[in-house]
Structures are given as C-alpha cells and as structure tokens.
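Think of it as A, B, C and D in the order they're written, each chain with its own count starting at 1.
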Amino acid sequence: MQSGQPEDTGQVAAAGAGREPPRRVGVVVGRSRTDAVELATKVADIGRRHGAEVWRADVWEDPVVQDELPGTDLVVCFGGDGTLISGAHLTAPLGIPLAGVNFGKMGFLTEFQPEEVPVALPQLFSGHYWLEERATLSVRHSRDGQTLGEYLTINEALVGRGRVNRVVRLHTWVDDQYLTSYAADGLLVATPTGSTASNLAAGGPVLPPEMNAMVLVPVMPFVSFRNALVLDASSRVDIQADVTPAPPLHEAVLSVDGGITAPVEDGDRLTVTASSVRCAFARVRPRHYFHAMLVSKLQRGPILPPLPVNTPSPARP
Amino acid sequence: MQSGQPEDTGQVAAAGAGREPPRRVGVVVGRSRTDAVELATKVADIGRRHGAEVWRADVWEDPVVQDELPGTDLVVCFGGDGTLISGAHLTAPLGIPLAGVNFGKMGFLTEFQPEEVPVALPQLFSGHYWLEERATLSVRHSRDGQTLGEYLTINEALVGRGRVNRVVRLHTWVDDQYLTSYAADGLLVATPTGSTASNLAAGGPVLPPEMNAMVLVPVMPFVSFRNALVLDASSRVDIQADVTPAPPLHEAVLSVDGGITAPVEDGDRLTVTASSVRCAFARVRPRHYFHAMLVSKLQRGPILPPLPVNTPSPARP
Amino acid sequence: MQSGQPEDTGQVAAAGAGREPPRRVGVVVGRSRTDAVELATKVADIGRRHGAEVWRADVWEDPVVQDELPGTDLVVCFGGDGTLISGAHLTAPLGIPLAGVNFGKMGFLTEFQPEEVPVALPQLFSGHYWLEERATLSVRHSRDGQTLGEYLTINEALVGRGRVNRVVRLHTWVDDQYLTSYAADGLLVATPTGSTASNLAAGGPVLPPEMNAMVLVPVMPFVSFRNALVLDASSRVDIQADVTPAPPLHEAVLSVDGGITAPVEDGDRLTVTASSVRCAFARVRPRHYFHAMLVSKLQRGPILPPLPVNTPSPARP
Amino acid sequence: MQSGQPEDTGQVAAAGAGREPPRRVGVVVGRSRTDAVELATKVADIGRRHGAEVWRADVWEDPVVQDELPGTDLVVCFGGDGTLISGAHLTAPLGIPLAGVNFGKMGFLTEFQPEEVPVALPQLFSGHYWLEERATLSVRHSRDGQTLGEYLTINEALVGRGRVNRVVRLHTWVDDQYLTSYAADGLLVATPTGSTASNLAAGGPVLPPEMNAMVLVPVMPFVSFRNALVLDASSRVDIQADVTPAPPLHEAVLSVDGGITAPVEDGDRLTVTASSVRCAFARVRPRHYFHAMLVSKLQRGPILPPLPVNTPSPARP
C-alpha cells in the first residue's frame, strides 16, 4: 500500500466503493492484555485523526458501553470470536456494525490481525468497508404458557442435558409439523454465524455468513435422526423437553451463545424463530473472503500449540 | 374446490386455491409391475373423464415420451424416487410438472400412495394442486479447456473413485476462492432434492425442497475437512481431480443422479453451478408436508423388511 | 422346562451344560411398577420351589441389599439397563452375577422379557445358565497429587463440560504417551458394556461384551481428532483438564455411569485403567446372542412410540 | 548394545534386549526415486558390514523377490504405507518381518525416516529390534457354493458399489447370527493395521497394532446402522450382496487392500475370518510408539502441501 492511496488495492476494489466515514466510533478492548490495550489506544488515535469522535471502554460489561452506544456508527473490538459475540448482543439490536481485531484463536468473525491495524484501520475510518449482515435468532422459553425468557441468539441455542450424562428427550416441530422426538445430549439451533461453532462439532453444515437460514442439529443423538436440517429463516422450531427422571438425577438446561444458561423443566417449551435483528460486521476483505479462509483456519485448529509430542504424562511421578 | 364434494378436505384447503385443470396429461408407468400398469389405466381414465387429453408410455425411455412431452401440462408417473428423477431429466427442461404415485421404497418425491389414487387423482385433474419448484444444478466436465459434457443434475453429482478403493485428491474452489484439497472417496454436490439421497448417507444436511441452495459434502474424507458446506444457489464450485497413480491402479469417475457415469482423468475439471431449469412437482398436500414425513419415512428405512432375525447364515451348510 | 430334560432345547444346549443351582438368591424389584412387583413375587416363589433361599428388596438403595448380598449366588433384578448398571455397582465387586428381567426400553443387559419368566426362571434356578463376564474400569480423580475419588465404572466415564455450552480442553495420554489435546464437549472412556450407551451416540464402535478392551471417544470434538480409539484392557488413559475461563462462565464435570457427578477443576487429572472387578451376568441365551439382537434393538429405538405424526405443535393455541 | 556407543539410547532400551542379528536380508527399493535408490545402496552396504547376506530388488513385482524371499530373515523396504502393504502380501505368509523407510505421506507402518538410516540401521542389523505381529484377515469370495477367490488381507476388504453411485444391499451375519442388512456404498472389514486407513475415513475406530480383532464398518450407510463393530479375531463375518438392478445400471465390487478388485454379482457371498498369517514388522521404537505418533501424523494430513490459499481457480481464464 503506497503513497497515500490506501484504498487503491484489488482487495478494496472488491469490497465495493467507499461509504460515508464513521463519525462516532467506539473502541472496546475486550481483553485485559497489554498488547490489546496498547493497540486500542493506537486505533482510537487513528480514528480521531480521521475526524471521528471516539469513545472507549475496557470490557463490554463496562456501563460506559450502554451509555455511549446509541448514535455510534461503528465499534472496533479487540478479542476473539467470543468477545465479538458478547458485543454483538449489545450492538446488533441498535444496528451498529462491529469490526474485530483478532486476539483470540479462530477469529472467524474478526476482520483484522493485530499487525494489520496500521494499514487497515485508516482504510476503515475512511469508509472503505462493506457491511456484512447476518441473521440472528430469537429463542422463547415458556412453561405452562408463560414466557420465562426470550433470548437474542447470535451463534446458537442449545437445549439439552446439564451435568449428568443422561439423554434428554426432545419432541420437535418444524412449522407446526411434528418432526421427530430426539433422545440426545441436546438439540442445537444455530445461525449461519454459529455454523462454524458448536454446530461444526455436532457435525452440522457450514452456511455462508449472509444466508437467510438456520440449522437444527442434534448433539449425541442416541438412535435418533442424526443429520442436520437446514431451515429457511421463515421457519419456526418448537421443542418440548421430556426430562425424566426428575433432577437431581437428571436436569436439562438452555444455553445461549455459550454464556447464558437457564434450567429447563419437564414440559418446558423452546420456540426458535428468526429475529428481526441483523448482526452487522464491517469488512474490508473481498465479498467472497469466507470460503477462502474457512478450512485453513479450521485446520490450524483451536489448540495452538498442543503439548509437545514427548510431554510426559502427569501420572508419571 | 366446491362444497359438498368428497375431496373438499382440510388438506386440500391447505394446498391453496385451485388452478386451471391440466388439459394435456401424460401417464408414464415406469415400472413393469402389473399393479402399476392397471393403476395407470385407471388414472388415464380418470384424466379423460376430467376432460384431459391423455397420452401414455410404459417407460421413460419409450420414444413416445419425447414426441408427446411438448405441450403437456402434467405427467403422472408410477414408481419410486429413482423413476421420478429419470423422468425429471426430460420434463424439467420443458417446465412440465410431475406427480408421482409411489411404487418404490422411500417415495420422498412421490405425492400419492397407490391406494389414494381414486380420491386424489380427480382432485389433481380438477386443478387442485400447487407447484413445488426445486432448484437443479448444471455440471460441466472439461479437460484441457475443452468441455466434455454438461449434465443437468436433479439430485447430485459425485466425482470420486471408481472400482478401486483408493482416495482421490480433489482441489476445490468456491466462487473462485480456493477452499481446500480433499483426499476422499469422492465429493458430492447435491440439490435440496438430493439432500435426502446420497448426501444424507454422507452426513450432509437436509434442505427444504424449495431452498435456493446446494450442498457440498465429501464422501469418506481421509483426514480432510469433513463438514458439509451449504452454498447459495448463486455460488460456483470448481473441482480439479488429482488421480495418481494412473489407472488401472486407480480411476476416477463422475456419476450424476446415480445413472450417468463418465471417466475422469488426472487434471479434469468439474464446474457446478445452479441451472436455470426448475424441477416442478404437482402437490396436493399442505405446503409444509416435507418436515412432517421426513423422519418417519427415513426411520421406516430402505430395506423393508430386512431378513428375519433368525435367518441362518448362507455360510451354513 | 419340564420333565427332567432341561437341556433338551437348542437354546439351552447352546448355553452349555448346567451348573450348580444357585442356593442363595436375591430379588430386587428396582421399579415401583405393580407388574414388576407382582412378577418379583412370582420369581421369589419359583426360586423357593427350586430349593433356593430367597431374599428380596424393592430398590437397590434399600439397606437390606448391602446386608444380604454377601454369600448370595445370583440376583434377579427387574428394570431396564439403568437399573442393572446401578445394581452392578454393588454386585460386581462381590462377584455375584445378575439376571435382569426387562422393564425398560433397550434392555441390552437384561436377559428375560417379563412374559418369559414362567419358562425361563425355572431353567435359571436349575443352574442352566452360563456366566458372561464383562470388563469394568477404574477412574481415579486427582488434584495436585491427591486422590479425590476413585470410581468403579460399569458403562462409561465422561469428563467434560457442565451446564455452559463451552468446549473443555483435555490433554490426553495413552500408556504414558502424549496422544493429543481435545477441544470438545467431553471425552468418554467406555467399557464394552458401555459401548452401546453414550459411546454409541458419540459415534464410537460397539465391542463384544466379553472383549478385554475399552473405548476412548470424544464428544463433540471441535476441530480435534474425531475417531474413537479402542485400547487394550492393559492400557492406561490419563486426562488433564484445562478449564479456562474459570466457573461460573465455564465448568467441567466428571460423570460416571450416568449417575455420579463430581466437579472437575482446571488442572485436575483423571486416570482410567481396567479394574480387577468383573461384572457378571447370568445368561440362558446362546453364546452369540449379542450380535443377533444388537441392531434390531437399536432400530426399534429408545422412544417408543414417538408422538403420532400429526401431533399438533405445543405452540399452537 | 554396549555403553559408550551412540545408539545406546533410552529408546532402544525400551525396545527390549537384542536378538540374533538377521543373517539374510532383502532390500526392496519400492519407489523409483533417486534418493530412495541411493539410500538402498547405503543400507545394503551397512547390512553387509554387519555380516549379513544381502539381496536387492527395485520393486516388489521383480521376480527376484519371489526367488530370494525364502530363508530371508528381514526385508528393508523404501516407500510409503502402500508399498509396505504390497510387500507384506509376499513376506507375511513366509513369516518374514519388514522394516520400512518412509518415502510416502503418512508412514504409519514405516519405522524410519530416511535421515535416521545412518544411526538406526546399524542398530537393526545388530538385532536390536522387536517384532510387532499384526493380525491379518482371509476373505473368501464365493458364488453358488463355489469359491471364486480367497484373499489375504493386510489392511481391509471393501465390498460395495463400483462406478455407479447407487447403494448396494448387503445382508450381514456375525458368527452365524443375522446382524442386519446394510443399504450403503459398501461394507468394510479392516484389520488393526487397516484401522488407520479407509476405516478411519469411514468413521471407524483405531485399534492398537497388535490387538486380535477386526472392525466392521459401513461406508455411506443410507438409513442403516452406522456405528462400527469391533469383533474378536475368532469371529466370522458373512456378507451376501443384493445388487439390483443388474449391471450396467448397477455393479458391485470387492476391493482388497486398495489393489485387487473382483466383480461381485447378485447373491455372491464374502466370508471374512482371521487368517493364520501374522504380518510382522521390525521395530526399534518403544513398544508404545503407536499412540505417540498417531494423531500428530494424522493432523499433518495426507495432502502436503495443499494448494496455496490464493491459488486461482482453474475455471478462471
């Protein structure tokens, strides 16, 4: 990238023409790592140099975030996919796009590696990015006709067993049609975003980021239907839990985006539909970036490095 | 659909308002079974009583079919899913809908059981059906820049090993982005229609019949990426075969819809895109019939009945 | 079995010659079902008529069981596989064989259907049975070099996530050799007995009941090695948990035989070896009964019956 | 192995005490690669310096091999696992151990990397190795009671579809008990040696090299029992093929060790039992080497390197 024409690359050209530069920008560090904190300071400076009003918070839980978010045009966040998902629970309902700098392992959602910041962020703050809009889900948990909770889902909702290793029975309907009854560890409903997370481990398919669809996939199905179902975003999934014997021998739990859990009792119902909320990410990479990085990221793996091959067993004296 | 008629059921109501009755109807027996032949005669009679011009053929290969198809409004076919897929290769390019009477095992595509004919066919010939339009694929096979063949694909295309049990290496691109190189028995690209066929056995997801998407799934991947990819119908998949050592030690084959095979040589390329052809089926069941029958059909299984539990081994004298 | 010719059936012949009839017999009902209770009374009567001393308890937790077990030659138990596994934790260390009458779903371990009792139990009490001896495992849970617990394992031990849907990292050694580090929902070590339980759902292989081996299989591995490992009974598996972030965001749990759970902290170690305890079952069926019933039992499925196909969705008003 | 010598390592100590040095040694190049040929010359020299009589052949198909093999104590072979499997078909029936130098990808069976030859081969020729003895299978193919062929199987036998992508129906018995009927691409019976080959891709478990067992696993089962079965080496598997419709629409094939194929007709039977032949490998690594290298080898993968991430699609002009 030379001589003051940062946008003059094939990559940016592929990203489409520029847009109005963001006027109000949030910077959320996300990780208490020195290098992330330092980089956040640099990014805030770059933002201000590009004429943006910049606010900053150390973690998503900081009350500053809720105060400052309204009216924000873009939030730059430092962390891994988990940090971005946490942030998206706040930004997506307000329609604010996220741009992630990868300080985690996989980085399916992040757009930049830390070392790309000096070149890439000026590009971003000049408005040379496109918006990737991803579908989200709404999960309603009800008991005896009463709604106990309703959850925005960026990645996936899992209803299944808690601590005890026993199958849960889950009667399932798609669009009011009885599909089947699963005997399984759990049943997962994932967004396209979540298709590279738990869904992948459950054997489900990877969906393109902007597809209007969801995936239903059982976890450890015991002699039940195993294949994932891809459903149109207009579909509704109803799940009724059959948890016998009762706790403490057995228990069922709803877990949303790996961070919220709620106990599920026998007869409880979960209703999953598309949410009207879209989760937006600011991207500078070409539109088809997703399939170019998918497999190489996965094959690099989530444990880097593993232990050295000759690591002695901890059982050895 | 008028009041007081026996076919005035909720099911048909769910199928939406009627349409222009088919004026020219084909009847293709498909199976040389006496009961199918007899039922075809009955169906032709019902058609004529409803004022349709009816032509008939015993099998899809009958030259009569090619002569009579143009101008036909609907073809009723007797057989299993395989028979319907064969027929669809002829009807789909002409935009003619198919209605199948199940004489096969699964019957994912057929609309009627034989015993439903007396009640359901009058309904069909009165125009009380809706059209389910399914996406198809086009597979182009090329060598050194020359196109060797181009195949309409209703279910799936499989490129992979032939008779010898050795992995084939398949370099794969999605939308011009290098995805990965599979070492596998083969690579399958399936339509939503084909998602309940080989794709299911390969661990791929089931797609709703009318989704505009395709599935890419490896068959027996050897230490390669295992999960299926769902792709938008606008995507293009390019596959380049690496077949070493050369035949006869090794060989690769393209197999389309379980019926067409072509040898694939080292360096050959397969390009898969959505076809402009839609494969139409006439349906009288409610719009959401698919998920209501999916699992129960699958659990009934493809081998009915299996051998009795105490069947002595053929190895016994 | 009447008239002094107990061995005069193919089945019994296959079971080998008779043995000393059991002199002291326990009857454990296991299930608070009227029919089970009544049948237990009948069985106790049959036992006494065959000259056995019979003691009885309603559930395995009844203190009578611990008092009466020593010196018992055989326990007849009414329930499903879960009830038998519970009982085996008490009988196996004492070397007492179990005979199960199936009041559960699968009944992989039970020997009799309730309706077979009148004919089969006299056979059993006459000593016309053989002993199937199955391997068990010992799981030691340690922290900072201190043993926290040691568990006899009849089916399987699972170390993995608790309620929150987040992967646990599990460093794993086989025979002091570093195998790999799993990022997964959990890691399962199963006996041949447990190979038809959770292991099956995790994709593991089915082992013959009397094989001297164990199975190691990950649950929902995320980009980790997926295939199960079969290990010789002489092998030792060491697992070290890496649970970050700390609870409550994350938690790990050890679950043994679907009934015992213990919290696992970051750095905790699980060591799995063969136990010297053998779990014995009294069988009257031929030696090769296992593969004759395996698939048919599984295909009948664990939810019988599922809901009827047209069951309206609970979400419907 | 005495003190003060460079090869006096813990590794060799772990390999147990030495044995009688091999007096007659074969060297088979296997691969027509210059480096393999040169290394083979070096190895032959080392052998002669250790007092062995050495014969040499370029490929296993060389008639010299058959002439020289009888009376040979050890064969050193250069190549990958495929080359060793080919060789084992000749050496195993004569009880001659193989030592492989890896010129292939995986090298599960080879003992040495090329660069280890100068240090390791003197060790080998001094008799400091142990024998790993692996079970093999015998597959008998019969039609109408006539045996058509009988095959020694080092890795696996696959009976299944040929070129056309259609499921084959395979009725299967274990020890004369009817197991189930598979509708699948094929059915694989693998040895422990073969458990890291096709079996792995089919989802089967990895068995320790010296276990006396076999694995039965379906390939692409269509709504059939999916899990692998581990069977004792004393078991017998009978498979009867049901191939309808007849070829050319459909065909079935037996493929043994990825190199031998025979057409299978409707009604043909395959009988798989343990063979009395053991396949021996000379090893200098510790007894528990297998699990130390298993996962790291697999994760390095069979395609090294894949294409670079930005490789343009061949479809691009």
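The rule is short, and it goes like this: a contact is a pair of C-beta atoms (placed from the backbone, for glycine too) under 8 Å apart; a residue touches a chain by one contact, two chains touch by 3 or more.
This structure is a prediction, so every number in the text was calculated from the model and none was measured.
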Chain copies touching (subunit A, subunit B) - same or different residues, decided at half shared: same
Farthest chain (mean CA position) relative to subunit A: D
Which of C-D and A-C has more C-beta pairs touching across its chains: A-C
Subunit A and subunit D, separation of their C-alpha mean positions in angstrom: 44
For subunit C paired with subunit D, centre-to-centre distance based on mean C-alpha positions, whole Å: 35
Centroid spacing, where centroids are CA-atom means, of subunit A and subunit C in whole angstrom: 39
Subunit B: positions in contact with at least two other chains: 176-178, 180, 200, 226, 292, 296, 298-299, 301, 309-310
Residues on subunit B engaged by subunit D in the complex (per definition of touch): 156, 158, 162-167, 169, 171, 173, 176-178, 180-181, 183-185, 198, 200-202, 219-224, 236, 238, 240, 249, 253, 255, 258-259, 261, 269, 271, 298-299, 301-303, 306-316
Touch list for subunit C against partner subunit D, complex: 174-180, 200, 203-208, 211, 213, 215, 217, 225-232, 235, 288-289, 291-292, 294-296, 298-299
